[in-house]
Amino acid sequence: MTINKGEDFMGQISDLDTAQVLVHALPYIQKYYNKTIVVKYGGNAMINEKLKDAVMTDLVLLSLVGIRVVLVHGGGPEISDMLKKIGKESRFVNGLRYTDKETMDVVQMVLAGKVNKDLVRHLQQNGGQSIGMCGLDGGMIKATKLCETGADLGFVGDVTAVDPKPIEDALENGYVPVIATMAVGENGEVYNINADTAAARIASAIGAEKLMLLTDIRGLLRDKDDEETLIPVVNVSEVPNLVRQGIISGGMIPKVDCCVEAVRRGVTSASIIDGRTPHSILVEMFSDEGTGTMFQ
Amino acid sequence: MTINKGEDFMGQISDLDTAQVLVHALPYIQKYYNKTIVVKYGGNAMINEKLKDAVMTDLVLLSLVGIRVVLVHGGGPEISDMLKKIGKESRFVNGLRYTDKETMDVVQMVLAGKVNKDLVRHLQQNGGQSIGMCGLDGGMIKATKLCETGADLGFVGDVTAVDPKPIEDALENGYVPVIATMAVGENGEVYNINADTAAARIASAIGAEKLMLLTDIRGLLRDKDDEETLIPVVNVSEVPNLVRQGIISGGMIPKVDCCVEAVRRGVTSASIIDGRTPHSILVEMFSDEGTGTMFQ
Amino acid sequence: MTINKGEDFMGQISDLDTAQVLVHALPYIQKYYNKTIVVKYGGNAMINEKLKDAVMTDLVLLSLVGIRVVLVHGGGPEISDMLKKIGKESRFVNGLRYTDKETMDVVQMVLAGKVNKDLVRHLQQNGGQSIGMCGLDGGMIKATKLCETGADLGFVGDVTAVDPKPIEDALENGYVPVIATMAVGENGEVYNINADTAAARIASAIGAEKLMLLTDIRGLLRDKDDEETLIPVVNVSEVPNLVRQGIISGGMIPKVDCCVEAVRRGVTSASIIDGRTPHSILVEMFSDEGTGTMFQ
Amino acid sequence: MTINKGEDFMGQISDLDTAQVLVHALPYIQKYYNKTIVVKYGGNAMINEKLKDAVMTDLVLLSLVGIRVVLVHGGGPEISDMLKKIGKESRFVNGLRYTDKETMDVVQMVLAGKVNKDLVRHLQQNGGQSIGMCGLDGGMIKATKLCETGADLGFVGDVTAVDPKPIEDALENGYVPVIATMAVGENGEVYNINADTAAARIASAIGAEKLMLLTDIRGLLRDKDDEETLIPVVNVSEVPNLVRQGIISGGMIPKVDCCVEAVRRGVTSASIIDGRTPHSILVEMFSDEGTGTMFQ
Amino acid sequence: MTINKGEDFMGQISDLDTAQVLVHALPYIQKYYNKTIVVKYGGNAMINEKLKDAVMTDLVLLSLVGIRVVLVHGGGPEISDMLKKIGKESRFVNGLRYTDKETMDVVQMVLAGKVNKDLVRHLQQNGGQSIGMCGLDGGMIKATKLCETGADLGFVGDVTAVDPKPIEDALENGYVPVIATMAVGENGEVYNINADTAAARIASAIGAEKLMLLTDIRGLLRDKDDEETLIPVVNVSEVPNLVRQGIISGGMIPKVDCCVEAVRRGVTSASIIDGRTPHSILVEMFSDEGTGTMFQ
Amino acid sequence: MTINKGEDFMGQISDLDTAQVLVHALPYIQKYYNKTIVVKYGGNAMINEKLKDAVMTDLVLLSLVGIRVVLVHGGGPEISDMLKKIGKESRFVNGLRYTDKETMDVVQMVLAGKVNKDLVRHLQQNGGQSIGMCGLDGGMIKATKLCETGADLGFVGDVTAVDPKPIEDALENGYVPVIATMAVGENGEVYNINADTAAARIASAIGAEKLMLLTDIRGLLRDKDDEETLIPVVNVSEVPNLVRQGIISGGMIPKVDCCVEAVRRGVTSASIIDGRTPHSILVEMFSDEGTGTMFQ
């Protein structure tokens, strides 16, 4: 087994520093031992190869020290690429992809066949043991057609239930489950679903300790131009107020909503972290300060 | 749960006949109880929707009476369709698809993302519990580049090892594993592999009792124009002689080779059965005569 | 192992019919998998050798497909024969056998030594695994002297408790328990008890899914001369009304009472079926219509 | 639970003596812990009620301190009584009961229905947990027709195999199995078999530590008129010599043969003990000297 | 393994008496099977070598017949000896040893290093399996500084909590845990604690069936000069009255308080027994009368 | 639980460095997961409080990440102190302490009562779970009198056998076993044994992956005055040559012999490391270079 030791590191750390770090990480390794962590993977961290390698290494590390890791992913850009390749235009309604039957087929192929299995392969190459799944396996994710006023989105689904059994089986058998976010309807039809929402529902269904959304931002900032104003911890009851103040706005709103949903459904904490920094997952897990913004 | 009861049946069977059939099937249900059966799925049975439904129903039935069922599939026609869709021509060398990197990506997407998950969905719709996998999951199927004299086939692989753990885990957890036949190389590269060969190797690796190849022929015929001359059972030692006599020839040779390979590697019997007859799997399993040709 | 394949069958059933029957039986096999079924055996089905063979085959079949089968039996005719042989007259009070100590000894010998072990032997001969027991084994059935107004019946007992452990042990170990209905009193005295009542109490004590009383009638008929007026399903709350209407009368009353008692004590359903039809057990278990009358 | 404390004792033992006895019995209780002991029960100890109570108490005691006890019995006198009752004469050929079909039925009824269940009841009354079985249960004891020169004995069988599973299941479930010695033939016919031989074969099949035959003699005596000349221990290799010397003779020969057979088939020791002394089983188990003659 | 068979016995007991004792002990062996017994060891029985051997033999015996035995001890005399040896005077305040840091070190050394390990060695020599522990192991016994009015006792502790895990682990693994009574404070400081109190708290924490305090008196006497006036059983509600009557007085008061405390905290019974009589533990366990005074 | 985070560290390490260290330590944590490590503790690391804390922290850390840690200790200086306190002179013969009965008692008290339990307490204070034991517990270490030519050393023993059960039980139950090195003879006499040798034998008996001897030297040096000439790895076959060259000499010889002994008896590697550097255990475990000299 070869573990990718993050070639993005240059310096050398003394044995004493090594010892000190291990000593500090100790309570966290213990705290999360045998707990389940759901990582929603997306954005830059999914495209940049170096960042991807760092994420894979982090997940393998977490699983090696006894943490149960679940990786949930979407795959918007690769879907658009493929649609373009077959000469089909992507069409968005209210920011959501209009998904006709042919599009849904492409979504399924790309998510469950390409992105999912590539992630599995990367994890295996980095020394992990991983199994890829999608919402159809074991009938894991159930959905109905999303009904929003004024727009028919085609096969875009609204998650109604998550059966944690296939995920728990994989964890019990020693694998990192990698989950492509699709769902199955009552009559066997397949739905495209939002990956953040799916991650939140999965985290709740398997009783996860923590949900982490990898994003392309630093976290919640009081002053959006000053990263020093990062808000490290938010109680979910404060969220409406932060929305009113405009601190949570735009593309952040649905992400925060997922975090709130997860916490409301029993997940101990949900964090929005910066996928542009290598190993931000490890830092979030193994330091008091963490990184990004944690909802609890 | 709704089980598709094969609407292709017309007549009504008396309760007494029901009783009689169950009485006759009894020793076979007992014989295969907790044994593992690998079904290689392909040909017409995979395209015709009615036949597909019958196959799905059969697999669910087998699993419900305590038989451990593994479904292995390829997906040649759908791959060709997709390649055509993106404007890429399928190229064959000695009957094998030349597989460059772009083709391999399409193969992966179609096999692991489309065909595989559609089968999973069909099994679930028919009342089964099923998990889809490919050779990359858990590093299950390992291969090296296929080296045949005089031709570079690109990413076409030669299976070197099968790790049965992910399949056995799925069986233990109560699922029908559905396996897309791809493999992973030493450096993480992905290979296209022959589905029949993969099925034979998987059957051997998991200690299967029986391998069944669903084909578009009746079985081995002494006189290829007379189905009445079907050879029901062949001992693997007789195969060379049958080849010399021309009874095994053409496209039958690789199929028979797979059966011989499976038996040589410890599978009790391997059958070539006719996927064009509905429920041929059930008939093969639960009658003295079986159907098609069985190698042992 | 040789399974008696019911030589009373004459015809040949096509492979397709075989497949169809199995497809139809599927939901029932699944429904009863690992559930417990108590069959009270008596009447013609116990005397006619062909019917007996069919019953034995049915029980073996049920156990082979994972149903937990318990066989409960009495043995009135054989007891009377034996009493006659030793020159002792059978005496009945209100339809119940007067049981002095000598009679009780004969009852015990015949039930636990002859009828019980012969059934065990028949099941074994038909390919089953079976253990014979009586109410004395493990102190399984406890009773007190039956106190009915105006008549001393001697050692006729009233069941006070059933300890399911010996039965469950036998089921766990893979056997069909065959139970002779006698009971033990507080001071070790042995009681003769009604086999139907015992079956109902046993079914309740082991949490059975179904109780089946094999009888010599077709079931409950609205018009007792027309089998077409069979009432297939009766809710136990309707019983008093049916008695008032005279539809339940005579010898049917105690049988129906047993069914009601079983359902009231938690058994999901209790059926009165016709032991004169071969394989009526299978038909009752594996068809929508069933046979006879089911109380629920 | 009420344990019969052997009312045949008169005196009172001091607490200190109590302590001393327990201290001395300690190594034996430890030695036999979780080991299996087969007791062949017969003779006076089976007829005299006081002796019977003492035997029952002993068996319960042994099982309570963690010894796995199996009780094997015949029932000659009760069989003869019953045959007489139905007006059938007992006929003996070379000391073996000629067993026609009708006789065999009586043997089965009396052994498996009367003697066996009465013993079960007695053990239960004495605080034990017991299950009665015969050689037909689970097809436990297999036999063929005994072929001795010059005489047809009818359904007298020669034991060919013992399946220990039903006995071991009962022991695992916490019961004292009580076994009536009959056997089943290849075609389901029932055979009468010798109880001593059956006990020896059972002891061997379940890997017993000890076989004890309860008899009406003191043991092997050098001078048959002087009990002081008891031979406490005999190595099985010495037996032929003892026969030549006439020390083993007459009715002792088959009993000794059973002991030798048991030891040859792996039982550590086999003892002939005096069933006329109350609690001789306990004394044999829990003292250095034992009682009677032990073959090893 | 050599078991010390109590050479203090002189006489010979007949086989029949042996049988009778075993018959009588039977219900007790059964009653205490797999139950936990805590013995507080002290006084003469700890100094006199013969009595010590008898105690060790008793404990080994109890554990061999399936009783879970825990031995708790103090070691006052040996501590005083050691203090004298290093030239340090023992100082008592209100009957409790004043314990400065140096004294505490000696207490720890003598209790956990000398007395404890010597007991372990004795048990092993007598055929037992034993592990020595003290209140520090696994942080088993927690205490705070004892605060009694008017006197500083130094490192004398008041038990606040007992974690039964280390004791239960040792019992599960087949050992007799031998426990030296010290405790650990919140900041890691070590406390000297009263052995009787510790035994009561341990008995409660592990859900013991019985606590036995070995003392140098016969038990509670109505007339302290007449051992015939022994009170065999006391309900804890009667204790205040017995104190008022002066029947419980002086050094008996704290011992009785321990018994009451144990019973109040769920131990079924607690006995004060006479350690000067050999094998009083066995007599207490295995006779109706017991010995000494039992609180319940 | 409060973990002592090594206040001897001054600086602050960046989150990125934290991540890097964890990434590098990953293969080692995985490598040693569920493996057993025996640490022989002595020298300065046992006296200096800061070093002691660092050692305790290291052991807790190792156990928290799933490594099975066993701590073996001697206690020479504390024994000499105590002997002096009671006015008894330490006498050494050929560098070994002459051990009369009185000395042995002191050795036992100090090792098993003082040093051992203090270590247990320190581990608990640092957040570990620990159980103290000595060679007498469960009869774990057996010895005979050490017979060396020309000198009687009294109760100095030569280890003959180590029973790993008590150690493995403690590990299974989640504790760090702390072992005081004494042994028990055939007749129950207690022996003083060499702690290094005991550690080597224990490491072998429990199938340890690694033995570490904490010493007051840097390791094996080619030039004893130049720490830069440290020999990091030595194959045990090279040892005789190194002795001839004088590189292994004096007090190093017995330490190296222990390492060789451990490796010969199946321990994968044995290291002599410098207990004067804080956290040298962690550095030895979690870096490629390690520290000190490793024998394999």
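Remarks
Think of it as A, B, C, D, E and F in the order they're written, each chain with its own count starting at 1.
The rule is simple: contacts are C-beta pairs under 8 Å (C-beta built on N, C-alpha and C of every residue); 3 or more make two chains touch, one makes a residue touch a chain.
Just so we're clear, the structure is a prediction, and the values are computed from it rather than from any experiment.
The minimal number of chain-to-chain contact steps leading from chain B to chain D is 2. The chains that touch chain C as well as chain E are D. If you match contact pairs by residue number, over half of those in E-F turn up again in just one of D-E, B-C or C-D, and that pair is C-D. Distances between chain centres, each the mean of the C-alpha atoms, put E farthest from chain B.
Averaged C-alpha coordinates put the centre of chain A at 71 Å from the centre of chain D. Distance from the chain B centre to the chain F centre is 59 Å, each centre being the mean of its Cα atoms. If each chain is reduced to the centroid of its CA atoms, chain A and chain F end up 46 Å from each other. Contact topology of the protein chains: cyclic, one closed ring where each chain has exactly two touching partners.
The sequence of chains round the contact ring, opened at chain A and continued through chain B, runs A, B, C, D, E, F. Across the complex, chain D meets chain C through its residues 82, 85-86, 105, 108-114, 116-117, 120-122, 124-125, 129-134, 136-139, 165-166, 169-170, 173, 175, 182, 184, 188, 190.
Chain A meets chain F in the complex at residues 1, 3, 5-6, 9, 11, 13, 15-27, 29-30, 33, 57-58, 60-61, 64-66, 127, 278-279, 282-283, 286-287, 289, 291.
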